[in-house]
Amino acid sequence: MPGPKRLQLALFGAGRMGTIHAANIAAHPRAVLAAIVDPNTEGARALAEAFQSRVRSATDVFDDPAVDAIVIASAASTHPELIDQALARGKAVFCEKPLARDLDTVRSLVAAVEAAGTPFLLAFNRRFDPGFASLASRLREGEAGAPELVLLTSRDPGPPPMDYIVASGGILRETTIHDIDMARWLTGEEPESVYAVGAARTDPRIAAAGHVDTVMVTLRMPSGTLVSINNSWRATYGYDQRAEVHGAGGMLQLGNVLSTPVTAWNAGGGSSDKPQPFFLQRYVDAYQRELDYFVNRLEEGGAMSPGAADGLKALEIAQAAEESMRSGLAIRLS
Amino acid sequence: MPGPKRLQLALFGAGRMGTIHAANIAAHPRAVLAAIVDPNTEGARALAEAFQSRVRSATDVFDDPAVDAIVIASAASTHPELIDQALARGKAVFCEKPLARDLDTVRSLVAAVEAAGTPFLLAFNRRFDPGFASLASRLREGEAGAPELVLLTSRDPGPPPMDYIVASGGILRETTIHDIDMARWLTGEEPESVYAVGAARTDPRIAAAGHVDTVMVTLRMPSGTLVSINNSWRATYGYDQRAEVHGAGGMLQLGNVLSTPVTAWNAGGGSSDKPQPFFLQRYVDAYQRELDYFVNRLEEGGAMSPGAADGLKALEIAQAAEESMRSGLAIRLS
Amino acid sequence: MPGPKRLQLALFGAGRMGTIHAANIAAHPRAVLAAIVDPNTEGARALAEAFQSRVRSATDVFDDPAVDAIVIASAASTHPELIDQALARGKAVFCEKPLARDLDTVRSLVAAVEAAGTPFLLAFNRRFDPGFASLASRLREGEAGAPELVLLTSRDPGPPPMDYIVASGGILRETTIHDIDMARWLTGEEPESVYAVGAARTDPRIAAAGHVDTVMVTLRMPSGTLVSINNSWRATYGYDQRAEVHGAGGMLQLGNVLSTPVTAWNAGGGSSDKPQPFFLQRYVDAYQRELDYFVNRLEEGGAMSPGAADGLKALEIAQAAEESMRSGLAIRLS
Amino acid sequence: MPGPKRLQLALFGAGRMGTIHAANIAAHPRAVLAAIVDPNTEGARALAEAFQSRVRSATDVFDDPAVDAIVIASAASTHPELIDQALARGKAVFCEKPLARDLDTVRSLVAAVEAAGTPFLLAFNRRFDPGFASLASRLREGEAGAPELVLLTSRDPGPPPMDYIVASGGILRETTIHDIDMARWLTGEEPESVYAVGAARTDPRIAAAGHVDTVMVTLRMPSGTLVSINNSWRATYGYDQRAEVHGAGGMLQLGNVLSTPVTAWNAGGGSSDKPQPFFLQRYVDAYQRELDYFVNRLEEGGAMSPGAADGLKALEIAQAAEESMRSGLAIRLS
């Protein structure tokens, strides 16, 4: 790919995630926001105006040979069709998770992506966060020795809307899946067993719908490394995203990012500021870095990571965790 | 009990724990260290000299009506016999854990203690630590709302000697049992299920003996509160004792106590001091406070907490965790 | 100023600060980077290309009625002339400190700005940093009560080049001046006396040139509030920017912003990451926010703060501090 | 001195400090609390009872050849006479600061102590605090390189009673003198100049009496090391005792010791516990360690540090600071 040429990226989805990606593409020195595609034309138009792009139809985008890649930030239900189209037209794909809701579709998508050999990034945001990335690389450099205990904490300030919970399949697929990806990435292993317990504590409608909002998941890795994930859809103090890896040579911890480094001291003690309120603020750097990684890899060629297969592995584990929670049994993963 | 009279306490065991209790009894304004009993007469004599007490035989102590209470800090195998004697002679008991190694003996001891109505303190040290105690009382005052997720971390700097591991029954009975007691105490609930996974990572002899040194235990409480305990017999950075309770109204965390509040900043970042090296330093206040509590309760009369029954409950849960680890199944507790 | 119209900003200076401002102007939804002016045409061209702007001459910019404002990020020696031109042509000014090197010129510039009534922002970056801004607003809301003791720490990782030190007039004008502005801003008072001591510790050439690299400055405010500023041009651990205000009702502290929230624990203790390396990283948000403030104030009309007079006040105090350091006397400020 | 013999220490003063020392002497394995001397016989008797000692007269103590040393914790006005007596009778001295209130008396006491060659400890408590001691020794080992900037913060929760303020001579002699001792100890240098500013902020009676409760003191050391001390007799958040040394090779910081390591997170952020409430709690270890040091040095023989001369040096600097505050001038110290 010639140096001066800017990559043409078409964005599907003008919602919350689409807005983030639109801004990052527009600000990238070697990318162009070539199109915004969204059935909600008003939202699409507003975004196009703000970032000096234009609203186009999906057909138009896929037919345009100048479009190098698509960025999928639309509703999850649209992902399989968009991926299929992109593979068919030879366009690289930057895809928000999930690939699809059901495991069969995910499996066939992974097979299709691998068969096509199209550059494909499954955008698990935490892998691109400077903090998680530093944790992972220092772990790989041996700073904590061989990992023995991994603790992953992800808690959201509040639950998603009920219809979203139902559509997404619940907390294990929606939230825990990020921690599962972290567990795989940080340990470099695939779990041999998973055990999950959960409870519905925040909203009676969640229980009524057969869902939970609070979970603990235990993974056992082949090396003997043990992973404990805890999640909640309630956190009065902001968005709680922490990790801890204890190994033979020490411990590495990732703490929360506070909104400001101001602390107040008075009769009640010393009060720090709160963690960032939610993922939009917490992962602002991660979203920029994942887009930058995508652009760099497109230019350089070669495989992208995490790829479609990582989405499949994480979903398989999340599904086993669901089975564990339902049955009360630990589930053996082959 | 008359004000000016000092309580006469006889100490069994002149080892590591005995030395701590000897010093605390000697320094207590309303207690007297009336005797040191230990088959190792040299150790007993040294302790008696240092704290201006005297070495006596068990028979002599139990026959002496002036002795108000015994403090049991001798080898675990001697606990049942000493407790029986104390109950028979009407002497109050301050007992280091465990009551006994096997569940049947523990059950009969609990029954005997309850039948006798003798004042009895099972000295789970963490309940008397100012940090854990503050965490528990703030939790009870509602500072975090109803508990939803509890994380308990206990890691020792290194494994005990092999023969001690074998004699004690292993990490779940020796180390995890403290966290199990914390889980019961902090939540005010008895677990309805327990799941445990473990691995042997620190020393091949541990694996060879069929033991583990690294565990994760999940408890599910009837309210839906979920507890995750992680333990290791290896920590390069000192004695790691932390707790976190996440509730509907916030989160309470107990961090490590650092050796000094000195931090060094240089090209590598900012380096704090290490946590206290081991329990002797970390729980120095707890040991003073539990002795003081024992003296106060003896003077005031009334039940002591934690009592023998708390030792039984914790052991039942630890034993279920062992069964879970062995079978790979989550164990339902009645 | 009509809503849809984007403000046309011309940037003077394509160096380190110019690059920051170019990026921020280009990314601002209601501003346009209308021109880059720099005698170093190569640098100007590179910047123009990266941010889709164009290189123009100063004359061309000042003659162009479409240019709404100029952003001065060029060498300090060029500031007076550029300000004069902007006032003459009725263009708003965003000016990096200093207004000028000598006090007489600064005084006449302030008089000219005030006479002209042109919108003018003197870009003291810390006022726009989210941390310092939060500290100031919480202080104003009374969280610490009336301020009594103010501690300001600014330490650079290393000294500037020797010729820059000489040209800038030294550490009090170059570095301390930011803390002086903070002292005025946080307390809302003008100092009644200043005392300064200094030393040259980092590089013998600094001493040889009659300069210092390490200073402590004490300000006494009319209310009795006492301020201590410490500065150094050496810090092995990064860019050190802290503030502490102790008042009748408590204390507010602003700590450093660490590069990542990762901490490593091992036999040496717990090591946090380093503070941000230098101002470019530490004040990335501040630069965006000051540009945004400038655009907003231009659109809304009205005075800007800090203004030219704030530059004059700070320079007067810095100059008195120099006199104090030279004479060994505390200097009374009228 | 033969091993088994316990040193006989006579304690003068049964007040707050006397109580601390009584407990530490009584608990020391190689010391005996041989006497309590206090004109307040009720207080003396209570202390004697609590620590199994007895009340005696000063004459009796000084006449008793078995008494090895006296511990002076009585009112400051009694110190000179007690020191004189001890020197005359050849008894070692452990003396709370100050030696005396006026400089002439201090000078003659120092001369007398040096002439007599009697073991003498001036008990500046911070030198024995594990945190300050660690800071000092790590500094000496070169962890921060050559010191360049030293910041010392000491703030009390509230002012002493008015009559005590008047009797003690004010904040510089009462509070700042500890920081002055720290400055000398940490840098290993004697200041060449001192500058002080102060204000009365907490209680109008303090101003009315011509005193201040808030000070900032700057010391310049011959090497160029600069020291800034800040003190207040008001701190809503407890007893604030911090130190920071910035050097060519890094920075060492001593933070506050918090009451517990519990942190609460909720909508207001993360709240740590408060620092220890006051010196009795904060320096509990220091008081034990200074007594232990005194006993060890008495047994081993040899000079003690800090000695009487350290009290003189600190007072000279405090007095120069008073002169600076009064005159508005920096004071040159010979």
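Going in written order, the chains are labelled A, B, C and D, and every chain counts its residues from 1.
Here is the rule we go by: a contact is a pair of C-beta atoms (placed from the backbone, for glycine too) under 8 Å apart; a residue touches a chain by one contact, two chains touch by 3 or more.
Note that the structure is a prediction, hence the values are computed from the model and not measured.
**Student:** When the contact pairs of A-C are compared by residue number, which of B-D, A-D or B-C has over half in common?
**Tutor:** B-D
**Student:** From the C-alpha centre of chain A to that of chain D, how far is it in Å?
**Tutor:** The computed centroid separation for chain A versus chain D comes out at 57 Å.
**Student:** Please report how many Å separate the Cα centroid of chain B from that of chain D, as a whole number.
**Tutor:** Each chain's C-alpha centroid was found; their separation is 38 Å.
**Student:** Just curious, how far off is chain B from chain A if you go by their C-alpha centres, in Å?
**Tutor:** Spacing between the chain centres: roughly 42 Å.
**Student:** Counting only residues that touch at least two other chains, what does the list for chain B look like?
**Tutor:** As it turns out, chain B has residues touching two or more other chains at 236-237, 249-251, 265-267, 273.
**Student:** Please classify the inter-chain touch graph. Allowed labels: line, ring, star, complete, other.
**Tutor:** Shape of the chain contacts: complete, all pairs touching.
**Student:** For the complex, which residues does chain B have touching chain C?
**Tutor:** Listed in rising order, the residues of chain B that touch chain C are 236-237, 258, 265-274.
**Student:** Within their complex, state which residues of chain A touch chain B.
**Tutor:** 146, 148-149, 151, 153, 155, 193, 195, 197-202, 214-216, 218, 220, 224-228, 230, 232, 234-237, 240, 246, 248-251, 328-330, 332
**Student:** List the residues on chain A that touch chain C in their complex, please.
**Tutor:** 27, 29, 50, 130-131, 134-135, 138, 143-144, 249-257, 259-267, 273
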